[in-house]
Amino acid sequence: MTSESSLFSHRWLPLFLVAPFMLLIVLFFYAPIFQAFYWSFFLERPFGGGSMFVGSENFVRVLSDSEFWEAGWRTIVFMITGSSLAVLIPLILAVAADRKIRLSLPARNVLVWPKGVAGASIGVVFAFLFNPFVGVLAPLNSIFPGIWAPGIDGTDAFITLIAAHVWGGIPFNFVILLAGLQSIPRTMHQAAAMDGAGPWRRILDVQLPLIAPQLFLTLVLEFTESVTSAFALIDTITKGGPGGSTTLLVYKIYTDGFSGYDLSGASTQTAILMVFVVLLTAAQFLFLGRRINYER
Amino acid sequence: ANIEFWYGNTGVVETAIQDQCAAFNAAQSEHHITCVGQGSYEVSMQKAIAAFRAKNHPVLIQFFDAGTLDLMLSDAVVPVQDELPDVKWDNYITGARAYYETSGGKLFAQPYNASTLLFYTNRTELEKAGITKTPETWEEIIEAARKLKAAGHACPFTTDGDTWRVLEQFSARHGLPIASKHNGYDGLDAEYVFNTTVAAKHLQNLVDWRKEGLVKLGSDTKAGNFTAAFNAGECAMMENSSGSYTASAKAFEGKFELTVSLAPMYQGHERHNTFVGGASIYIMKGHDKAEIEGAKAFLDFLRRPEQQMAFTAATGYVPVTNDVMEAIEKSGEASSPKYATAALGIGSMNDPRTPDTRGIRLGFYVQFRQIFMEETQKAFAGEKTMQAALDSAKKRGDELLRRFEQTYKGAKLH
Amino acid sequence: MNAIDMAIRAAAANIKLTGVTKAYDAQTVVIPPLDVELRAGEFTVVLGPSGCGKSTLLQMIAGLERVSAGQIAIGGREVQDLEPKHRGCAMVFQNYALYPHMSVFDNIAYSLKISGMAKAERIDRVGAVAKMLGLSDYLARKPAQLSGGQRQRVAIGRAIVREPGVLLFDEPLSNLDAQLRHDMRVELAELHRRIGATTVFVTHDQVEAMTLADRILILNKGRIEQFDTPKAIYHHPASVFVAKFIGAPPMNILPVTGDGTVLRLADGQVAAQAPLTGSYQLGIRPEDILLDSKADGRAVTAALRFREDLGSHAILAAELGGSVVRIATPFGAEVLDRGEPSLTFPASRLHLFDAESGRAIPGAFAAH
Amino acid sequence: MNAIDMAIRAAAANIKLTGVTKAYDAQTVVIPPLDVELRAGEFTVVLGPSGCGKSTLLQMIAGLERVSAGQIAIGGREVQDLEPKHRGCAMVFQNYALYPHMSVFDNIAYSLKISGMAKAERIDRVGAVAKMLGLSDYLARKPAQLSGGQRQRVAIGRAIVREPGVLLFDEPLSNLDAQLRHDMRVELAELHRRIGATTVFVTHDQVEAMTLADRILILNKGRIEQFDTPKAIYHHPASVFVAKFIGAPPMNILPVTGDGTVLRLADGQVAAQAPLTGSYQLGIRPEDILLDSKADGRAVTAALRFREDLGSHAILAAELGGSVVRIATPFGAEVLDRGEPSLTFPASRLHLFDAESGRAIPGAFAAH
Amino acid sequence: MIENARSLNIAASLILVVGILYILGPLYLTLVTASQSYEYMLRNGLAWIPGDQLFSNMARVFSETHIPIQMLNSLAVALGDAIATCVLSFLSAYAIVYFRVRWAGVVFALILATIMLPIEIRVITTYQVASNVFSPVNALLDMTGLNGLIANYFGAPVKLEWNLLDTHLGLVAPLVAHGTGTFLFRQFFLTLPRDLFKAARMDGAGPIRFLFDILLPLSRTSFAALFVLTFLSGWTQYLWPLVAASTSDMQTAVVGLARLVPDADGTVPDFPMIMAATIVVSIIPLAMIALLQRYLVQGLVLTEK
């Protein structure tokens, strides 16, 4: 913004314009956040009708609960494997689709389709497709019985989740990364060609560094996306099982709060998770965001 | 008045419930009931809690056994016996009353779809493997299972490892405590003890038998669900609620012969009563008189012997009042397969009792069931030994109990 | 010339295009068959209106664009099927196309790194180039931290570090402001003197073309209009197109008719003496028209319309036989902007073009 | 002047700025207190380096920027606190800022529509403007379907349709190519003649400034360096800044020392006669330096370094007393580019500036 | 370019083939399964060749499930979300970009923060707020002690109540409280030439006229993009409609679909019918993508600046 003072100088109108939206945000975003922090210091009765201030007891309880840490750890594993695959695979596809080849047009279209399929629908489909007896891997199981058992084996269940997450995450990341690739000026490729860099080499030396801002954006957004997508997938595919092996923090908060009526514990976990998210985002911006902010 | 009733069942049971609702609406014109299925007992309960907090709850709601203490202390329900003082509540068999009544003997909820655990076999398949006598003990079941396996049967015995089946019903009929203080009846300061009883041994056995290929869990089966696997003929034997009897009978029709009998004991143990399972109906607070009247009318309607008989016939749930049992006797169809579970179930619930087999009066018990499942699944998956899993379930369960105790500090146990 | 200059003196190579054609498809023939030879070490400026194919030509030489037909030889070697990196060309792009994520050092060193040069040698070579271009202090910076002129120099550094036989520039100065443009122009001329690479320089700008080129190649719709020294192009334009393209304001072009002895303007005034008949176009540059009626040559009367005073001199616009004629007054002269002065067209400064084809008709007047 | 022209002849208003100041914050004072008066109907060109505050000045007059202090009066009325629409100004922007989603008609008519003018009258008025600007055939088109020159005209049409007393232009020609720029310049001059609105025209381009302005306002860091006619600015620059800013190539500035009778260059040669002592800066324009030693004035010897031949004339660069001096050769002259010719500095063409302040010292030499 | 990129092009083609198969595979198998009979599936499991039961399965979705009604709910939620988001984001971005207000930065930061904490993380307490929208007001009154005063004067403290659960408004509102749209519009506004704004002011346009005459028409593509994006996200929401609606007639189609897989029934889930339902549920968003993919792509491109 070059000249601030050439803006409209009305006093009440802008307030009036943002008011409805801010009201909504305060009500449905900030009030719940506040409520979560508030409850994390109280012990709430499930049916209401009594809450007791307990200081940091909830935090002590949650933080000393190994289930919480395990769910946290699983969340991190899911984010790292799921998110990086959900960025890496679209990245590879985008680099491929950026080339002028016959398949790139249909690919640009088809790869966006999953955006129209809800996470829960994806879950229902993948739960069926990865069913050990009737799904795509059933033939494998008939050769090596029990090798694919997502109902018993936590790792298999986890793999199913990630496959479904990546499937649903392709469109958004693909579109952003492709847009980034296409905004690289042609002369940049030409300059590198003159410098002797072949097309393979240019991917590494020119294309990837130049779409770093888009990569950063997808990584940041993928973080929230993985939370949202994970919930729908877990609830429709594994329900957190088997043996809690796919209970990520979001799911744990939901089950603790809704199925377990542990409003205080769930709120405490929410509060902890929020702090974590805010710190993580800040860190992302500090350590990654700053480095890749070059103009063209 | 227009009233609402929430329940958690699906399948044939849901159909039967809806039929009753329709019958009620048809039978009188003063009230109209809308019956809303929530998909499962757990969901129904969590929805109810959420709805109650939002002051959006129905007047009638079906809660399952596991939620009993949570509801008693919730201050969200009115004991049915207070609303309907004139009903002859002692008509209900002791087994059913014990679970839902206060220490003063006042019923909190009206038992509705009462069930208990039974043992089912596919006689056709058993006979194919040369087993002519229905097994009665775990030892016999395993022997039969081995035979079935030898005969090439893929799934001799199936269970889902559900807490109700493998822990609660098992402990009750073997006369074992689940928690101290007589499963919590004597105070909120109870502690879990199941990891030290024979139940622990049994669970370890299940792990071993599964490894051997004799026992399959739901997710081991093709059908993905143990009842479905049994009903489809995939598995030859199962332990299941009486409430799934009709579904099995229907599925077997014309294909297999079904037997149903008392749940198996370990040899050398005295048989005790089983808990009443299934669910009962509560009247929730915060509704006006007209709605309460409607609720009472519906409850009265449900208690009618012919309604109970029809419901039993349609589902396999056990009528837990003495008068209905008599009515069945009198109907002349007592030996009909549609009442097969009635006498059997009542018999099972009426076996000799101890203070540990009255029921379960433990806080946050629904969550404990989750924890128990989660931990035992880890043992089944081979991640830890069953004993370790049970120890950890006890530890986590005790934490729940302590938190419950703290949450309801000052509240008195009814 | 010092040691550093020696170190990066290129082995200039000549460039020969034979029947080079470029068509994107049957309809869009951007360059019809083209034959031209650029001498080794020569500085050629390619000039032409937008879309005439200048960049296309450059990119075909560089190997960034395939030729549809014909041969390109660099230093006697046919290269049209070789990859860019094997042609010994280097290129400076309009927006420089510097790698924004690499430091100045890495930008310049990138081609050396790819060619597998050892690190120590790379540092030496980049150091020499940076010193020559006055970039030594900026090697660690990113392009975004440089001024326009510095970026330009990095782009040049990147091009010359490989000691290419051929240096290609595609409008490298067009994004700079006037002052910087002037300075960079002088620097480029100096650089060419020192490096000696065969240079092809595409521009829109006449002043650049006139001051930098050994020879100017004027393209019109992919065809060569003229390829000659700046002087020849200015003083002996081969066509009306060239005549109007070069010079600011451009050459005045007036339709004339010859009756065998004189050429007459549309209004009947005699503009020049020539033994020709038929229609022609007569050209005369604004600064060649004399307001002084005593001078040598034909005098015609025109009506002055307006004057643009540029300080150093003025441009007068006059109406003559239905056309507007622009006259540049000499430096320092004070002139009127109204009236009907007589204009003198010195015969030695006149150009005659065919009325149809627009091609110059040489020798129509006494040579000068 | 026909009826149409009459219809949109503006009521020109004078603009008076008194102590007008603009500061974005304590550190960035863009315009220190400024006093200036632009006469009604006058065409003022504002010229200055990038960032000197030209646009800021214009926008303060227009009401798009707040003044930090001072008064602006338009036609005698104080306007600094009025909304843009109440100031009677119209503005043409650099990229025209046409509404891309509106037709040409709607673009031009928009301000009328907002002011509540009846539809029939709007159509008349826009029709008249369009006719005057040769846009009648394009009224239904969207801006994207117009050429650069046509867009420019729509932008002007939009500005003049309200018959503003003041017309403001912010570098309106800077995005056009040379040819179009020239044509639009001529059109603008013509338009101003017909409309007669007080015009303030911001540009970077000297040629535009010289040819369009009644008076040129030269800004330097928000301060007025000189405000005078183009001729005066060119021939009597008030400071070194102005002298170097106007003219291409710019005026040569050489440090000299006076000993009471003559001014000597750094190398001791006598550059001019003057009864002054101390250090000064001597200015002379490239085209004023004569290579002809027989001419009037002081002759000094310089070493030619190089030549840039522009066709019509050449620019020679010579070294003189440690400075580079540029000499513009007369049109048509043939000159060498090496050697040590003697240069004549005609006394009447010399400018003298204070060594410190850079302000001109008038009357130092014989007047011209 | 004259260079041998054959190897790369072949590799790229292979990658795209794999990518397309990965995307299409599940979709194809869904379609195939949806076209089998339940009995066929029970006998043979997953089929690879389409059967002929697609329409009868779909017909069952319409006759036997709540999905048709739930699709209407989904439509209401998606449309409500999309329209409200478009309008509110547009207005707030307008206020932030085009007005000289000191709080613009703070408000924008507050709005932007909503992107980082999805509703899945804060669902428990959002549910609490939705159950009584006035609960923050009540809490505020309690905390400030105002309620004590009120109770003194009027005999009872103020307890306002407005329950949004099980209403369409309640399903939509928390979804709208999300900053992506504001971000998108702001980015777009910043790419518009400043001079356009100045020109409009010179022409005499005030904030409202500028909004309607200039900004709105120019923002059409951004609107379309945001509309598609939020419509899709509204349609595909799962957790919020799952908890915020307790009757199947208020639930959205996606929740209803997930509910078709029974928790524990004595039967193998009717996957052909479920897959047919999946298709039915996804058909509107898929059609939307097919039709408006162009805008979606344009909308997602606004990343830098």
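The chains carry the letters A, B, C, D and E, assigned in the order they are written, with residues numbered from 1 in each.
The working rule: a contact is a pair of C-beta atoms (placed from the backbone, for glycine too) under 8 Å apart; a residue touches a chain by one contact, two chains touch by 3 or more.
No experiment lies behind these values; they were computed from the predicted model shown.
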item: Neighbouring chains shared between chain C and chain E, ordered by label; value: A, D
item: Minimum number of chain-to-chain touching steps separating chain A from chain D; value: 1
item: Pair joined by the larger number of C-beta contacts - A-E, D-E; value: A-E
item: Centre distance in Å when chain A and chain B are each reduced to the mean of their C-alpha atoms; value: 39
item: Computed distance of Cα centres, chain C from chain A, in Å; value: 56
item: Chain B-chain C separation of Cα centroids, rounded to whole Å; value: 94
item: Per-residue multi-chain contacts in chain B, two or more chains; value: 43, 50, 53, 224
item: Contacts with two or more other chains, residues of chain C listed in rising order; value: 63-64, 83-84
item: In chain E, residues with contacts to at least two other chains; value: 1, 3, 128, 130, 198, 201, 243
item: Complex contact set, residues of chain C against chain D; value: 50, 177-178, 182, 189, 207, 210-211, 230-231, 233-235, 246-249, 285-288, 306, 308-313, 328, 330-332, 349
item: Contact footprint of chain B on chain A as seen in their complex; value: 43-50, 52, 54, 61, 65, 67, 131, 133-134, 149, 151-154, 241-245, 255-256, 258-262, 265
item: Touching residues on chain B, where the partner in the complex is chain E; value: 10-12, 36-40, 43, 47, 50-51, 53-56, 160, 223-225, 227-228, 230-232, 244, 247-248, 251
item: Of chain D, residues touching chain A in the complex; value: 24, 56, 59, 64-66
item: Chain A residues touching chain D - in the complex, by the definition given at the top; value: 3-6
